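Same chain, two partners: subunit A is paired with subunit B first, then with subunit C.
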Partner chain A sequence: MSDLRIINIEKQYPQTQQKSEPAFSLQPVRLTIKQGEFFSLLGPSGCGKTTLLKLVAGLLPADNGEIWVGDDNLTAVAPEDRRFAMVFQQSLLFPHMTVEDNVAFGLKMQKISKKQRLADAHGMLEHVGLGGYGSRFPDELSGGQQQRVALARALVANPRVLLMDEPFSALDPSLREEMRELLSRIQKEFRVTVLFVTHDREEAFYLSDRIGVMSEGTLLQVGKAKKLYEQPVSAKVALFLGLKNIIKGTVADGRFSSSDQNFEFLVEDTIQTGPCLLILRPEALQPVTKAAALHPDSIQVSGVIQQMRFNHGFYSVKVKVGSNKLDCSIASQQAEEMVPGQKIDLLVKLKDIWLIVE
Partner chain B sequence: MKKPRRLLNSILFLLLFIVIGLPFVPLVLSSVSFGWQWPNVLPESFSFRVWEYVLAGSSGTWSAVGVSLLIAFIVTAVNILLAVPAANALVRYSLRGKWLIEAIVFAPIIIPPFVAVMGIHLTFLRLGLTETIFGVVLAHISPTLPYMVRAIMISYNTLSVDWENQARMLGAGPISRFAHVVLPHLLPGIAAGASLSVLISLSQYLITFIIGSGQVVTLPILLFPFISGGDPAVASAYSLLYAGIAIMALVGMDIALKKYYQNKKIATGKG
Partner chain C sequence: MWQKTKPYLLLLPAIGTIVLLFFGGLFDGLLKSLGYFPAIGETRFEVTAYTDLFRSSEFWESLVLTGRVAALSSVIAAVLGAVIAVSLFMLNESAKSGGAQLWHRLFQLPLTIPHLVGGYIVVLLFMQSGFLSKILASAGLIDEIRDFPVLVNDPFGWGIILTYAWKEAPFVSLMIYPVLSRIHRSWRDVARIFGAGSWNFIREIVLPVMVPAWTIATFIVFVFTFSAFEVPFLLGVTYPSMLPVFSYQLYTSGTLADRPEALAVNIILAALTILLGLVVYYFSKRWNVLKGWD
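Right after this comes the complex of A and B.
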């Protein structure tokens, strides 16, 4: 199979003019992306995800490491000969060419006959829903249409890997969702391997088979979206995925106790003794209802509601428990009886609890 | 709002006409006059003898026009070949002492060409390049190249490397990238630089005179003796001819460029 293998690729940028900030470096990355897989690199801006993408593309020379596709070592191959395709944040359509010439450009470079390449370009434009737009010029299209053309242009030459560098970040939210669906459909249809860079976790979660979370030049964790969200390996990953309920504590004698003593429960013996972080997902924290008896495999805490915000379909409620402020997602029906300042009892099932050893 | 603007426009147009158009009136009158002496406002009698002389084969006007245009276009072609890589390097690469290189390239704009030409003349004498069109072409490059480099540098400044990277990712090698992505973007800059280069080369007198030693006869070489004390009527006729050729060269290049873009649009529009 022609998997994309990134073997200990590394890049050190020279020290910038301002000596105060340290030079950026990308720590060695080792990653295998299976053929036909949709893989996203997720991280805040400046974390090195675009650098990694450009290293894979060959647009930046790597200091160390290798890039393989199947049995081909592409490390020393020029970007134009790698048979990769790339979609950038801007659509970068050549302004002096029509849409169909733009789409056919890659095929023209492969010396495919004009008739054949225009036919292929038409077919691909149909796929992205721009059938009748071939003879227009790029400046006659909207931003979303331009990005569709860019996608068609990248896919038409049947690339081994499709690299995408925040391709939808310049579009407005509703258009972004539409493009997400289109990309997801086309990717499944063509079974193309995609390496996608984004800082938008919703986008990454929607599209990806697997996600790699990056921060400050390091690949922190790789896994499926659900696994990353439910079992982050570090506080950094948890924070970036929007998990703000991080409670400091220690594990001793098979028990976790938070530093303010509000959380105490038994843990499995597999967890090491020592300082620990307790991660509580906002939707795992639910108010205790009178009907539900105390579940044996759960813990209960009480706190005071500080703030409530309506957030499409549910309420985000901030509850102060001891010295910690916890974010809870509570269904509208339940939240309607609550007011800020009120006391509230919260329940967490033990299976929804996640501990990170510090 | 609209009325004052229209008034302003017409005043500006009038001023422009006075500054640019009016000087041509006495030139035309002088070229067709027969003895025009003070204090007459208009010439006493008219004749076309000057034009007959200028346009006749014996005066060498047409060969001078040919030589002028030949030199101007060769100079421009060489300038394009030199300026594109130079502008690319000056815009894209950050190297130590870049300001010095830029200063040397742009020096001929500030330093009078006469200064450089004296040195060039000596060297060309030793190399046997004086009195040849080739020598004059080489000498014309120094005052024209800076304008070409400047114009193409501005075009390069607006060309993000992303475009070339995008072409690269679509499988375009260096030659294809230049032909399909870089050149179309540079074309307006090249056209602007070429217009300047043609005009400056056409108007060179001193450099042509010194390096060509009177053997390479361009239009300014023919024109000069008549201005400085010869027949002002002939000088007027040559001035008009010179202006006409300069304007035609400019308009011709403009039309060629527009036609290129139109053809491109039609060709791609139909295809």
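Right after this comes the complex of A and C.
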């Protein structure tokens, strides 16, 4: 198997001129990406995900660690000899070359005959929906079309790993969705291993088999989208994934108590005693109805609605419970009867509760 | 009406001067080359000066020498200029310090030196009793300074070629460098990822990008050396002389009868320059070299 293995790769940048700001460093990263897997590195700007991508590509020298693909150690191999491909934030097509020459560039470098490489380029342009555009120049294409050409250029060379550095971030939302679908379809078709960098949660969740969440130069958690969202290992991961309902408390004698005593419930024995964070997903908090009120494996809290915002078919409702403000996602039908200032009872099932030991 | 004509009226003094001095001079030269010379009582138009020139071996030898010197100077300056520009570009891409800027300034130095001074530098360096021959003789690489090849005031024109190559290479690099600076920094990364080493990057990306500016710069150098006077006058031999010097020799020969021929040489030089310009324009269009750049 030609898995991509990143073994304790690390990078320390030199100190910047402003001594007050510490120099950025990428902490040792250990990661295995399976052949044909779509893996995303998700994190805020400046967290080191592009640095990690460039280290994998060989465009930046690593201070320590190794990069392997299958049985080949690529750590000391020049980027031009790694047989990787990359799609950047901008299309970065060569303006003096036609679209088909741009697509065939990698094949030309591999010394494939002109006839063969142009035939391959035509085929790949068909795949990305740009058949018949081969003789045009990049400046005659729209931004989305240019990015499709960049994708075709990357795929046609049959790379061992396809690296993608926020490739859709410069596109408008509808085009971004279209490109996501295209990429997802093509990745499945070609079974190419993809290492994708993004700060867009939705994009990572839509495309990825697995996701690695990064922050401040550290890979915090790796897992499938559902697992990351429902069971984040730290408050940082939870916050980055949009989980704002983080309640401080303590676990003692098999029981969790929030600091303001509003949340109290029994916990499993496996959870360590000590300070803890309670994570409540917005959609897990639901208003109490007659049917749900009697559910035994749930907890119930009371609060006051502070704010309501309509959001893609549901309402984002902010409810003040004790000293905490909770975000709840409530279906439009239920929310239509609510008004800010109204008292509300919320219910959350124990199976939807997630505790993080601090 | 005033608003529309005002810009043209403001431009009139500059345009008038250019038309009067450039086209006026050219027109006057054309008339005199055709034998129209009222000062000596010649008011007829004839092509005797041209036919005499085309029959004289001196003219053809001058033309060959001029073409050879201009072509070799331009080619050497073009190659040197391109090497300088590409080296500076690659240095700038890889260097983190301001070293590239220093080299850039250093290579621009010959631009500040007048051609005549450049010619003298070549005389002092490359003549048989010059600096270089003395160093080589002192180092024992040649027995005596007379063994040093004749590079100044030689019939082939090496002295002139050396001067122009040295003087115009920075000009060529100056023309190319701004074009190279338009090359996106990330293109190097893109090219490397897709398998291009440094040489392939230069061949596939850098050279095609700089070809239009390079062609134009080389053409300017060719046209300039083709019709330049002072360096060939200083570093050339009496026979054969380059066309501008040949024209000067005819003009100052002491007889007014030679002046139509002298001016005919200048008209031929101008005509050849225009013809070369058209050829370069035709090829640059045909190569489609500017296509794709916004």
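The working rule: the second predicted complex is superposed on the first by the 355 of 358 C-alpha atoms of A that agree within 3 Å, B and C clash if a C-alpha of one lies under 4 Å from a C-alpha of the other, contacts with A are read in each partner's own complex, and residues count from 1 in each chain.
By our rule, a contact is a pair of C-beta atoms (placed from the backbone, for glycine too) under 8 Å apart; a residue touches a chain by one contact, two chains touch by 3 or more.
These numbers were taken from a predicted model, which means no experiment stands behind them.
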Fit or clash - subunit C, subunit B, common subunit A: clash
Touch test for A:246: subunit B only (first), subunit C only (second), both, or neither? neither
Given the touch rule stated above, what does A:118 touch, subunit B (first), subunit C (second), both, or neither? first
Identify the partner contact of A:139: answer first if only subunit B is touched, second if only subunit C is, both if each is, neither if none is. second
Once chain A of both complexes is superposed, is A:57 in touch with subunit B (first), subunit C (second), both, or neither? both
Looking at the overlay, what does A:94 touch: subunit B (first), subunit C (second), both, or neither? both
Thinking of the overlay built on chain A, is A:85 touched by subunit B (first), by subunit C (second), by both, or by neither? both
I'd like to know which partner A:105 touches here: subunit B for first, subunit C for second, both or neither. both
Taking the two structures together, which residues of subunit A meet both subunit B and subunit C? 57, 59, 78-81, 83-86, 88, 90, 92, 94, 96-98, 105-106, 109-110, 153, 157, 163
Residues on subunit C engaged by subunit A in the complex (per definition of touch): 184, 186-187, 189-197, 200, 204-205, 208-209, 289, 291-294
Subunit B partner, complex, touching residues on subunit A are 57, 59, 78-81, 83-86, 88, 90, 92, 94, 96-98, 100-101, 105-106, 109-110, 118, 135, 153-154, 157, 163
Which residues of subunit A touch subunit C in their complex? 57-59, 78-81, 83-86, 88, 90, 92, 94-98, 105-106, 108-110, 137-139, 153, 157, 163
Of all residues in subunit B, those that touch subunit A in their complex: 162-163, 165-173, 176, 180-181, 184, 264, 268-269, 271
